[in-house]
Amino acid sequence: MKKIINNPADVVPEMVDGLVRSYPQYLRQIDGTTAMVRSDEDSMAGKVGLVSGGGSGHEPAHAGFVGKGMLSAAVAGQVFTSPTPDQIYEAIKAADHGKGVFLIVKNYSGDVMNFDMAKDLADLDDIEVKSIVVDDDIAVEDSLYTQGRRGVAGTVLMHKILGAAADQRASLDEIEALAQKVLPNIKTIAVALSAATVPEAGKPGFTLADDEIEYGVGIHSEPGYRREKIKTSKALTEELLGKLDSEFHFESGKKYAMLVNGMGATPLMEQYIFSHDVLDALAAKNITPSFTKVGNYMTSIDMAGLSLTFFELADDQWLDYLNYPVETIAW
Amino acid sequence: MKKIINNPADVVPEMVDGLVRSYPQYLRQIDGTTAMVRSDEDSMAGKVGLVSGGGSGHEPAHAGFVGKGMLSAAVAGQVFTSPTPDQIYEAIKAADHGKGVFLIVKNYSGDVMNFDMAKDLADLDDIEVKSIVVDDDIAVEDSLYTQGRRGVAGTVLMHKILGAAADQRASLDEIEALAQKVLPNIKTIAVALSAATVPEAGKPGFTLADDEIEYGVGIHSEPGYRREKIKTSKALTEELLGKLDSEFHFESGKKYAMLVNGMGATPLMEQYIFSHDVLDALAAKNITPSFTKVGNYMTSIDMAGLSLTFFELADDQWLDYLNYPVETIAW
Amino acid sequence: MLNGATATKWLDLFAATIEEKKDYLSELDTPIGDADHGGNMARGLTAVKEALAKLADPDLTTVFKTTAMALISKVGGASGPLYGTAFLEMAKKSKDTDDLGELLTAALAGIEKRGGAKVGDKTMVDVWTPLVQAVKDGKLDQAAIDDAVNATAPLVAHKGRASYLGERSAGHLDPGSMSSGYLFSALLNAGVLA
Amino acid sequence: MLNGATATKWLDLFAATIEEKKDYLSELDTPIGDADHGGNMARGLTAVKEALAKLADPDLTTVFKTTAMALISKVGGASGPLYGTAFLEMAKKSKDTDDLGELLTAALAGIEKRGGAKVGDKTMVDVWTPLVQAVKDGKLDQAAIDDAVNATAPLVAHKGRASYLGERSAGHLDPGSMSSGYLFSALLNAGVLA
């Protein structure tokens, strides 16, 4: 493991310290925690607070999306480990400005349970808290007999949509309704060229040969659904877009937003080339996305690879929400 | 080489295509070139045009900095290869709105010569063109008997400063004077954990053992000044900040901007930890930077490592310029 | 006899095992998880040990509550809320009884409620369920523990991270079941059952 | 005799060598450069060949000008402007003379002006300078070419990317000198000197 770190056990506190001291105009660290709240207090007044978070290792998520027009606070757990309820609870308190707090949680059993416990704590304080569990990763079966689909890069789009609504003073109930309406329209699928190395583990979660890739990995280097020889970007596009098509049944009359998300070690050069191939494939179906974003948004430490997210814009207002101006580090 | 690409020879045109189609609100490709101009034409009216560029492989530089308040156009050469004069010339023409065009060139013999030839071509058209050659990399000797120092991540700060001035209608002469005044105040030093792989070459520019790092590399995987065993982030900070200190002689009374720049494969987690260590080391000298930015701005394809840039804010207005709002993909 | 002192001994023994088996637990969590179960548990149990060491002659409820709070605030991930809830439920129940069988039954109910897993889902529930019964029947021994843990290997996971692997999760021990096994072994060695 | 036809032959031969030695040139550009000299030159010479093939019985000036424009617009990097300038200067000069020595002297002057390198800086100038003289003296042969190219190996670079390596640039052939050597070999084999 070759990483620019100090003691692996100190990765999260040092990272959070570096982040808030580099960007005091956006973030303030909540005392005694590794949770961060928007430093522009005024921009939260009279609005529903939005809190997200999860294990660390997904930078710039989630703190990079804290700021006017997007999240109110983000909680950073240990690497790839859900934050604890007490930390989430502190973030909820900091995000609450009397209109209640909405939690955006990724569907991992740890996250779901810890955010639930935090909600229980906030209940005791009479802070009204509601939440959505994002499960956009179509790589895994969605069934009653599994944990359900994972929450991955599409979560960032949920942050953006709800952030715009909250900034425009939507109520907690309205935000909950919006989140539920948006949720089934966001779907993601990933491919990995290499796995992530958790600093404290010291070696990658799995190993791929020099010419192998794996489809359907999660953002914690969870193994995916198929391992193959490396293909061209065009061939990867076919596989990933095909999987998404069998969920969306892409139609030229409909509007879509598209997010190409780098996993941490994959350069923008490759992400742009992949975007070119996706846009070509869509153009062949007479589709041009109404909104596109390409870059590292929900990473997996130093994993190489990328994910492709589509978001069907079933409501015209959602495009406005995506284009709504924000002041954050990373959107 | 494991990369998400198609034919290595098509990397640049496909990347440029993916980029402009993903971000039509910022960029328009100039016909028959791999140069890109700001799509918001109105924002350029009555202003000096700013053109930068260089070999590809430094994404988001340079096209990611095209937009209102920053560059007017960017030229993307082949990977790690300066663009050709005809392409630069087209960018100059597109950027010219009657007030002349200023070129921001990185100090590499190829870039300097090709931008010079483009200037000759523009002269024939009576477009007034001036330029600055950025040479912020303190890793190499600056002497009459060498090519001089390389232009690296600090170039992005030059884009930002001049972009703000141009947007506020500074004249071509004023921009030239500003560039010359700013230039000696920007200095950068890098460390690599692995070298970049140029797609057409198929293998990295150099190889480092699993526990080796190299100080002083350039943004094309040019070898640096010393190879060592991997150190802690704190120890790397000492080396890099020490080199910068012997140039700047940091003083607590002075103002500085700081840029931690990831090389492409180094996750934000490590960049934030490194920032934490730099900020700690500076705090020990009673210095808090007035402006900090951390992320991938001037990369070297898939190189792992980072660079540290300081910019002494000798003029208070420069901080305003850094904070001046822009509309770009990547600032 | 279960009381503040023997419960502290139980948890100290558990902490020592976790510290010793930290890497092994993360190794188990690698093929079917995210390689952090050892780190998570070690972080939590170090905090438990430290917190308990600060208590002077605590009663049973205080030991369990202190343990619960330390686990909840230090472990994170899936195992944090699960172990935390287990000890929180034991803390509540210990106000009425010091019967280990009843306490562990409350703990298991808490785990089930928090995580929603059932027997056969390849989670710690598969170890807790038979071993709580064994405690009640006075039949807890190392062989019973080993059997319960090893029985998770062939299962296909339906809850937690391992469930994303589907059929491929079979053939691997469940890490949370292994750490739960250590908890029951510590119970044996703490002499609480005597 | 140098004319449109023999100059075209010269450049076709050069293009063929570059195509063949592409990987080798990039290999030379790896330890002391950025591993692209082969790709740069191949891209340029492919364009030159295609552009020349489209000309029907061109004169010398047209051949050189066409070559210059193709190199300038296709090569990029350091070698593009340098080779491009060389051929542009030969195009200009060829309006007055078809003497190879005079033409190459103009080319070299262009390279020196564009790049600012002097003899001993470990650039293509170190090959052009002795070989232009050899042409003038009627002494150009493969041995002279090899000597000029090989003489760049011990030098420490003062211009171009290799200069960043300082002393460590010594012990490696200069890639641009090698490709320049090929240009002069092609001249030999095109029979232009006869």
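Read from first to last, the chains carry the letters A, B, C and D; within each, the first residue is number 1.
Heads up, the rule we're going with is that contacts are C-beta pairs under 8 Å (C-beta built on N, C-alpha and C of every residue); 3 or more make two chains touch, one makes a residue touch a chain.
Nothing here was measured: the structure is a model prediction, and the numbers come from that model.
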{"item": "Distance-maximising chain from chain A - centres being C-alpha averages", "value": "D"}
{"item": "Inter-chain centre distance, chain B versus chain D - centres from mean C-alpha coordinates, in Å", "value": "31"}
{"item": "Chain centre separation in whole Å, for chain D relative to chain C (CA means)", "value": "75"}
{"item": "Distance from the mean Cα position of chain B to that of chain A, given in whole angstrom", "value": "28"}
{"item": "Inter-centroid spacing, chain C versus chain B (mean Cα positions, whole Å)", "value": "53"}
{"item": "Chain B: positions in contact with at least two other chains", "value": "79"}
{"item": "Junction residues of chain C - those touching two or more other chains", "value": "none"}
{"item": "All chain pairs that touch each other", "value": "A-B, A-C, B-D"}
{"item": "List of chain D residues in touch with chain B within their complex", "value": "26, 30, 34-36, 39-40, 43, 72-82, 84-85, 114-115, 158-161, 163-166, 168"}
{"item": "Chain A to chain C touching residues, read off their complex", "value": "55, 77-87, 108-110, 113-114, 116-117, 139-141, 145-147, 150, 198, 200-201, 205, 218, 220-223"}
{"item": "Residue numbers on chain A that touch chain B, as the complex places them", "value": "2-6, 11, 14-19, 21-23, 56-57, 59-60, 64, 79, 193-194, 210-211, 213, 230, 232-234, 236, 258, 260, 264-277, 279, 292-296, 299, 301-302, 304-306, 330"}
